[in-house]
């Protein structure tokens, strides 16, 4: 089942759910500034505050998607501004890799926003929020990921899978043969 | 089972205008683990806080969530209130429904929904908050100051005057540093030694300052409040207690041809020597490198080749057999004030620097650097303060000054500006013109950078009153031409070549950190930049602190600094140290990392990423007590709570108090199906 | 062969090692062997069937191996990289182990067969393509004749590129199908020389970040985590994929990440333990065009 | 006790004589075309058909280079997918009765109360065509465990809903040893019916009511075997096929179970075990692919606040955490102990309780093991040790490691 099929759902009623992991010193404070400056922005983002982007684990992002997020924002201090001097540098490397990994496994990178938002960039935070919401609204709900567990409500039991006809269930196992010959070519070693 | 109280603040109309606070309270009342949920006009007001305290007492709450403004605004307020009601302050969290909600949304329905989500998220987090205790670390209220230049002396004096003991370590035989070599200082042209010497003596005689000269820091263990420093006292060969500084030994010493470091090589000294008459302490050291006796011993001669100083010394203070000794000092804070060196641009260049052979420095005796000029100009200098050039002692009638030699030159030298050269060159031209009124002072410059109180006026005075000739342009070549020194330069303003037949040339060479700075930085686990200057913790907000808590920076070890800046930094470090010493215990935020030693695999990713060197390796022993592995340990005194170690731990064996995996997981989980 | 056996015998006789970890011919093909006496050294072989990454047995948590005493391990180039990884990450001290390096001309896809197969583009392991350590450095003994370049295999890069060419939705469908077969038996983890954790993250239950249930959701979390933890560390020995009982193409993911760390940080896994891994380090001017 | 019902009287006699095929109730003929049509009509009907099919998977599915493609049991929709006569399927039939993960119940917390919803046990009817006899035989063996002190509804429901037709096996390779564990390549234990290849199709035999019912429901697809010589000829072909296979597998391994059990009972601390552990990765692939390994783990997985699912997942005694105590103590401290556990459970513990062995000799564990641990080889070694009456001080002690060394 392709995402396209799902996103046919009427977008008017689709309100993206975005989970944001932000550092306490720059982005969270920047978001505070956006508030004190009364900058209106989409209400689709839920912020989780952490001391530093260095603390943000790739598992947070995975769990957010598992728990129904359609998009994720990771935001912290600009390079050289890190309250802890290097946390954001380490985060930049880990997420530089993880973003590629997610994309390779089929999570559209457009569902992820990484940004540097300083404590003085309230307006930039508003932009980051609005752009992300608009982009994810365009992509539609991430039900394919949210449903992965039901997908194998199949429970690896092909019979159940036949009934559920859910994506990824064992009957499609043969599917990748075709997919493979077509795309990945030779049988792997 | 959690018993959480949720308190929703209207913030007058600020929140209530767009968020239906009553609805939030109703929604949260049904949330698992919530015991009370109420809204109120101003939670931060006194009655508001009373309301929370009463709820805590009446319902034996295990956690509190205040839905109001940003935690940056009032977290402290509410944590204090909860503490007064007998609740651990760290089980109190704020849900930001003002800055992050009511102030940025107009749709009442959406805003209220978001406020409810936010509140639920924080409630779920608080279910996993653990009571935390403020970390207290005992503080040894003694300080170590490394470097006895003006910065080190000032820091030592300020700390000692503040009532705490200071250990001052200087690698040279005397304190005083570069400032003691200067003749006059800008922008006032007052005599350098006249203002410095009293400070040196004051430091020497201060009851709370323990001075180690001819000594170096060998090893540094421990952490803020609890450093243990091993100091190498280099063999002085002179008993500091017996010696009375009479100077007979120096008068008697047969080897008298050794280039004087103090006079920047422009004069000669003896093997046993005090670097300069006002040296503090006024106790000589025996330079074993050049001493005839020790040369002999190194050759393996059966009988000592000399012994004159020992014979001369009436106090019997000379000891040829003394070795380096080590002392350990316990201190709570360390001030690094190791200062600078001038870029030696001669032909021999270490560490892959190119140097400036074309300027003839080191080959042409009358081409000297700024420090040598200071000695020439100094009343206590080799020429007694008369303007005499090194080669033949003649009075130079034309002196060329070249600025930015090795500075602002990424190609061949340093990319940074050495900052002090513009001012001291202006000073040099003045000193010269005052001594040789009919002489020419020609200055080649790139820019004149004279920011600072009275600085621009000073350099203008050099040009307008003392008639220094400033030529904007670089010098391509300097070479000997008979008894002249030819200077080929280019005037970029009039766009023509300039050739000057000079009698002497003064090069304003770049300011560089002291040799061996990298080794010292490693001992202190302080980082340094590509040029070797030590890194401050934050370029704007923490300019005199380092990333290693308890270690501070003063003067030119951090970047090129002039005297007033160095003194100001020294004062700043003293203020930091005195602040640290204001109590026997150092209080720290308890949100620090903790390693689960049972599941730690000892891969030390945490150690690699920790910006503060807070990770230590601990042995794991088997039942027989043999070391069978290593695990990481986070020193709570050093940890700053960034949590970078947590994210790189593959087995999730590190937790960050206040932001544990449990807490974050619960927050994410709370957002499911919003 | 005899050179390898003699070396092993000598090390045991001299007491330089109490056990030699190498390969022997089992009934179904080559397999790891643990030789503790000189006589047993005759069993040692090295040929194209010796695919196993023996560095796996140096994991300090494998007490049943440690109990055999100080080990001498036979390493191919790729195995040497894994050993370097263990040294780099403080799981092993260099003086704890004797390394017998073998010059390697490539190995087959699997250890099966009574005889080593002739290496052709069809039989050679994909991992051998572009191998840069055919003659392990920093070993204590190096045995065997210089070997020819292995034949060019169906390279993983082509297959990765094929997947890259798909749309995210197509890739998600592809991997959902692949990963739905995963039973989270963790054979991939156990076969990995660098998965040595005392307590794997999936075994941390408070909280349970990675669901251990082998539904596609848990399987995605597991394989994302496994791959992320191996980024910049994976030596590409391919043991995870070979161990997988349901044929999940893990090699594609590992290869992709090797490409990524190279493209982003110019890093390739080295057999020199002194070369630091890319994750856990950083450069101030690291690429950040993915960051707004 | 639906599960037991399926075990239509094939329990091996306790005297240790190998189980022979039971006398068929009915003998029929199924042509290749008939099979194809049958599969298609089953796919369209409610009753899904599981059969060995060509394995999917971009991974190293093909096994050794040049080796025939791997197969897997899967619900098939067309004859093209069928891999009858292909290699032994990657995983056994177990997954259709004890799935790698299954929901036990979901919980939802409503104000003050918790609401539980148990997983449904109304499994739709299903048929397995072409099960390997060693996989079919595993079902009644595991039935005993699943109905020992507690009747496992989910297992039993799936057993009751499933009709199993096995396919007489031509023997996979040297790792097969069904004949050493009271079975044979054409064993009918656990089968409601069987197929045996003959010219033009398969000779079909039924052994249970379920088998009977199935052929009756699809009567058009099955034909009576021709009378007279032609029929005898077919029966002869079938018997020849079985005989050849029987002979082929017999060469692989012979065991004296009583002696093996006795040796295991008295050599818990034998040095022999320390010769097996070092090679073991502890990955438990052997358990995953094993038709009789049935250990499971139970986990609660939250879906959101106050809402979650309790699941049952495959587990393995080869994993370190399988026996790890909360205290940090682990009674099975190393892989030596864990590998011993696997052998002892199958050939000592289960036999002692149920008078049987927890193994059907399919050899999957030997084929799948990434480090070449070979169960038939290990059993042969134990058989040898028990024969030589080796005490704890010999038998591999301080000898070359690996079963071979120990056996020599």
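Note that the chains are named A, B, C and D in the order they appear, and that numbering of residues resets to 1 at the start of each chain.
Convention: a residue touches a chain if its C-beta (ideal position, glycine included) is under 8 Å from a C-beta of that chain, and two chains touch if they have at least 3 such contacts.
Just so it is clear, the model here is predicted, and its values are computed rather than measured.
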The larger set of C-beta contacts, choosing between B-C and C-D, lies at C-D
Ranking chains by how close their C-alpha centroid sits to the total C-alpha centroid puts first chain C
Farthest chain from subunit D by C-alpha centroid distance is chain B
For the pair subunit C and subunit D, the C-alpha centroid-to-centroid distance in angstrom is 31
Expressed in whole Å, how far the mean CA point of subunit B lies from that of subunit C is 45
For the pair subunit B and subunit D, the C-alpha centroid-to-centroid distance in angstrom is 70
Whole-Å distance, C-alpha centre of subunit A to that of subunit D, is 41
Within subunit B, the set of residues that touch 2 or more other chains is 598, 609, 648, 661, 665, 669, 672-673
Where subunit D touches two or more other chains simultaneously, the residues are 55-61, 65, 100-101, 304
Contacts with two or more other chains occur in subunit C at residues 109-110, 159, 174, 177-178, 181, 183, 201, 209, 211, 213-215, 218, 241, 247, 249, 251-252, 279-281
The answer for subunit C against subunit B in the complex is residues 60, 89-91, 196-201, 204, 206-207, 209, 229, 276, 279-281
Counting only contacts in the complex, subunit C reaches subunit D at residues 19, 24, 26-37, 39-40, 43, 52, 56-57, 62-65, 67-68, 108-113, 117, 122-123, 159, 174, 177-178, 181, 183-187, 189-191, 203, 208, 211-215, 218, 239, 241-252
Residue positions on subunit D within touch of subunit C in the complex are 55-61, 63-67, 70, 90-91, 100-101, 174-175, 274, 277-285, 287-289, 297, 299, 301, 311, 313-314, 316, 319, 321, 333-336, 366-368, 370-374, 377, 398-402, 404-405
The residues of subunit B that touch subunit D in their complex are 30-32, 120, 124, 598, 669-670, 672-673
Seen from subunit A, its contact residues with subunit B in the complex are 17, 19, 28-29, 31-36, 38-41, 43, 46-52, 54-57, 60, 63-64, 67-69, 80, 83-87, 90-91, 94, 126
